[in-house]
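Two complexes, one shared chain (subunit A), two partners (subunit B, subunit C).
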Partner chain A sequence: MFGSIKKYETFADRSNPITKIFMAVILFITVVFIHNPNYLFHLSIIMMLAMIVLSGVKFRYLAALLCFILLIGFISSLYMIFYGEGTTTLYRLGIIHITEESFVRGIHIMMRGLVLSFFGATVIFTTRITDVFYSLMQQLKLKPKYAYSFMAAVRMVPIIASEYMALRQARKVRRALIDKKYVSGLKGFRTAVITLLSQSIRRAYRLGIAMEAKGFDDGPRTYYHKTSFSLSDVFLILLTAACIYTAIQLGQTAAPFASTDAR
Partner chain B sequence: MAARKGLTLTDVLITVVIALVFSIIYSIWGGVYTALQPFGLHLNELVYGMWFIAAVVAYLIIRKPGVAIIAEFAAASGETIVLLQFDVMLMLYGLIQGLACEIVFAIVRYKSTALMVAVLAGVAAALSTLPLDWYYGYLGHLETWNLVLMVGFRVLSGALIAGWLAHLLYRGLKETGVLKLVGSREANHSGEL
Partner chain C sequence: MVINIKDLRLRFPEEEERLFAGLDIRIQEGEKVLLLGPSGSGKSTLLNIMGGLIPEVIDVPMKAETLKISDDGAYVFQDPDSQFTMPTVGEELGFVLENKGVEKAEMERRFPDVLKAVGLDVSLETGIQSLSGGMKQKLAIASALLQGSDTLYLDEPASMLDDGSARQVWDTVESIWKDRTVVIVEHRVDYIWDKVDRVILMDASGGIAGDGTPEDILTDHLDLLEGFGVWHPRSWDAAPVFERTETSEENLLKAEGMNIRRGKDDILKVEDLKIRKGEWVTIEGANGTGKTSLLLALMKLIPSAGDVYYRGKKIRKTKQIAGDVYPVFQNPELQFITNKVFDEVFINLEMHFDKTEAMRQTGKILERMGLSHVSHLHPLEISTGQKRRLSVATAFGGVPEIIMLDEPTFGLDQKHAFRLLEIFDGMTKSGTTIVMITHDEEIKKRYPSRRLLLDGGILKEKEGMTDVRVH
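Take a look at the complex of A and B:
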């Protein structure tokens, strides 16, 4: 999917999607248990570097993504910066009360998001969606009916999107004739969603019957696309572990934050 | 067609397609959510309930065990596909919220389509991820009034959007007649409202 913007491939592209998802879960748990902002500071920088190196995507796309992730991360931590508990006041305006403690805690929450977003972006850039389902079926023995219905449904997303555009244009043409309340607001939302849902359900029903008739059921089956675990998976696991370890070691020596506990 | 008890491929496919329609809405909704965040007053929590709506709508339509959890998980993973942003947290949250809805539906034995059931499921989903948020976002360290505001907004949003709005969509879908195709093909959807 990213063939046009990728420059090279690494072992991250060759490792099994299940390993990547598993590593993402591990990283999530790790991040929730890290309370020292210094560790997290280094971990987010290391993850950013890992994303830049491993994704193999042209830098200007990565730069745009980086700005986006930083902005969203900052906005989502504002609630804590503005309203968190703390004693050392930095700034106060009406109900907004920024303290040193709440500021560090806010930045800490932001860095948690950054670590996960950077790793997530690496996964997205190095994984084909269909491979996820093939390895779920082959390595984790997911029942094919779930995997194939998901793959079939993903194919329908562009159709759903184009149907929505058609609906919008149809409304635009009839703008003079129909009441405004059917276009905007709750009623507009409701009619749009019901139209999309009913058409999609009909299409899914037809496709489902056809697939059942063709034998996409739970019986034993063989696969043309084979997925397996390999040495690349070992590399990925080792790399993730090394990132976490390095971040903790660096956090003990180079500490940009005075506090060692964001709580 | 013989009445098969479990989920057939068609059931799963319809569930996932419903979920993906909502995952497109979720992706757009993410913009609304982010736009409300800068005030820090948790106004964004007022729209949070939209993220459980797929589970409730899918249940109301198909009413079989497992549908709510598949729908919510599929919608969450669909969102990562639509946004091209793999977010393990989002998928985990989807799973937990789907599970919360599923428990409510299991209590009513997958029979009732009452508005109250939908509202309860919405509230359950709203409450389900609070423990995780508590640890992740250090909610215990917020000023108390701010925390109360956040939880209140979230529950209200779960009840209104995931409960009431989902039920509204369900009734609308029923009027279109498309529901005769789906689910356990009993007299479920044929009766009047």
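Take a look at the complex of A and C:
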């Protein structure tokens, strides 16, 4: 999916999607239980570097994504910074009351988000969506019926998007000749949705028939893409563990925050 | 005998009449058979019964005294976009063999052979989305070959392709059909008519009206073919012929120094295009040369460099010319706005006339387009040909000065295509300008007053055309 913007591949591309999802869950739990903002500070920087190195995506796309993640992270921390409880006042304006405690807590929440976003982006950039379903079928024994339905659905997404564009163009032209009530507001929205849905349902029905005509059933099958666990998975697990360990060590020596517990 | 069906009876649950009432059909091993008939004659349904899709996959109640069919038939369907499950060529081919439990090493041994057999020279990692329509259909044929079946069922495999790609797909079919039984449903028959062994002509009520070699059908049943309004090799002998009219010198639409880009590539340059009042202009060019983009750019629906003028006024936004210049796009479904066929035309007219007059005119337009009997239905539930006609009909309501049509006769049967050409002729005579993108050689040759060709990213005047409109 990201073939056009990728420069190189690493072991992260070769590791099993299930390992990545599993590591993401582990990381989520770990991050929730880290209360020392110093640890999180280092972890988010390490994860950012990991994303830049491992994703293999061209830097200008990464830079755009970085700005986006930082902005969203900052906005999400504002609520806590402005309205959180605390005793040491830094700034007060109307109902906005920034205290040292609320500031640290806000930043802490933002860093949690950053760590997970960076790791998530790495996973998304290094995983082909079809591989997810292949390994769900092969390693976790998901029924082919569900896996192939999802893969077929993924194929439909760009088709639906281009249909939506064509529909908008057609309406732009037609609206000049008709009463606006037909294309604006709820009515316009409803007919647009009905049209797109009906097109998709018809296509899905035809595809279903085509799949069965090609002999697809829910029974045992062989696989063109074999997914398995390999050394790459071990590397990924070790790397994630090393990131967390390093962050904790660094957090004890170089501590940008005075507080060690954001709660 | 590969297929032997006797006394077939079938009724779709929502229909009142039986589609088949006692149909008999036999097909010998190795025969190449073309099923022909008007829309609604049950060709595709019959094809699905022969291949065992009905009633196994599509649940339709049916009965037959004898039902001997080949149970391992492979299909190629009409729509390139709704017959592939996987994102890449290799995975799609793999999908077929995975279903049969073939091991990976064996798959990789067989892929190059089938791709070569259908003349598809792409890598296994190629995304299906990036293939052209013709290439997708070749891939569908390759998948069918991998199924290892001796019987192929082709359900209008070339009907959504332009002439060049259609020819290639049929050449491909012909190159692989030796030793196989092939049953074809197709309405564009020019390439295959002489190649099949047998034509079965079905009538509108699901019976067999004629059965014989292509030559026999053409000599014995020409009246039936004409009556059903289906395309056949001699269709154009009876095509409408129009008197030539002088087009006025009045310029309506002008484009100067137009340049359309996609990403970093220039896809199309138009130095100087003038469209005059009452002209019938065709825009020609192979698939992917940017004909549709040109139409969108003239309407200011996609960005382009250069200027577009309408009646001397510079156009910056779609709003400024929408209404005077009216485009009809390729996907009829996406242009419909209302819940009723009647309303689709009516909403254009209600702005110009009082209610009774608008209703009367709507009725007239629908009748001319052969849509009266479906005027109460939802636009999305009528047949493909009917949808295309309805999308064109919406252009007649608002009385635009220029109608731009993206392949308006595509997928229409002979009867309705000719009717549409007559309507276009009438419109140009009353001063409306017709600009149409078309792939149909016969139309290009016979009707336009001027032909434009898109070649190598540049729009040119096509010279040396034989003008058959002069009498």
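The working rule: the second predicted complex is superposed on the first by the 239 of 263 C-alpha atoms of A that agree within 3 Å, B and C clash if a C-alpha of one lies under 4 Å from a C-alpha of the other, contacts with A are read in each partner's own complex, and residues count from 1 in each chain.
The rule we apply is simple: a residue touches a chain if its C-beta (ideal position, glycine included) is under 8 Å from a C-beta of that chain, and two chains touch if they have at least 3 such contacts.
This one's a predicted model, so the numbers in the text were calculated from it and none came from an experiment.
In the superposition on chain A, A:263 makes contact with subunit B only, not with subunit C. When subunit A is checked against subunit B and against subunit C, the one touching more of its residues turns out to be B. Once the two complexes are laid over each other on the shared chain, residue contacts for A:59 go to neither subunit B nor subunit C.
By the touch criterion defined above, A:145 lies against subunit B but remains apart from subunit C after alignment on the C-alpha atoms of chain A.
In the superposition on chain A, contact of A:172 is made with subunit C only, not with subunit B.
Residue contacts after overlaying the shared chain place A:82 against subunit B, while subunit C stays out of touching range.
Shared-chain residue A:226: touches subunit C; no touch with subunit B.
Of the two partner chains placed by superposition, only subunit C is touched by A:215; subunit B is not. Shared-chain residue A:183: touches subunit C; no touch with subunit B. When the two complexes are overlaid on their common chain A, residue A:116 makes contact with subunit B while staying clear of subunit C.
Subunit A residues 148, 152, 154, 191, 194, 198, 202-204, 207, 209, 211-212, 216-217 lie at the interface with subunit B in one structure and with subunit C in the other.
For subunit A in complex with subunit C, the residues that touch the partner chain are 130, 148, 151-152, 154-155, 158-159, 163, 166-167, 169-179, 182-183, 188, 191, 194-195, 198-199, 202-204, 206-207, 209-217, 220-226.
Of all residues in subunit C, those touching subunit A in their complex are 51, 53, 56-58, 74-75, 77, 79, 81-87, 90-91, 93-104, 107, 128-129, 143, 147, 296, 299, 301, 318-319, 322-323, 326-327, 329, 331, 333-339, 347-348, 350-351, 380, 394, 397-398, 400. By the touch criterion stated above, subunit B contacts subunit A in their complex at residues 7-21, 24-25, 34, 37-38, 40-42, 57, 61, 70, 74, 78, 80-82, 84-89, 92, 135-138, 141-143, 146, 150, 168-169, 172-173, 176, 178-179, 181-182.
On subunit A, the positions that touch subunit B within their shared complex are 21, 24-25, 27-28, 32, 72, 75-76, 78-85, 96-97, 101-102, 105, 108-109, 112, 116-117, 120-121, 123-124, 127, 129, 145-146, 148-150, 152-154, 156-157, 160-161, 164, 190-191, 193-194, 196-198, 200-205, 207-209, 211-212, 216-217, 262-263.
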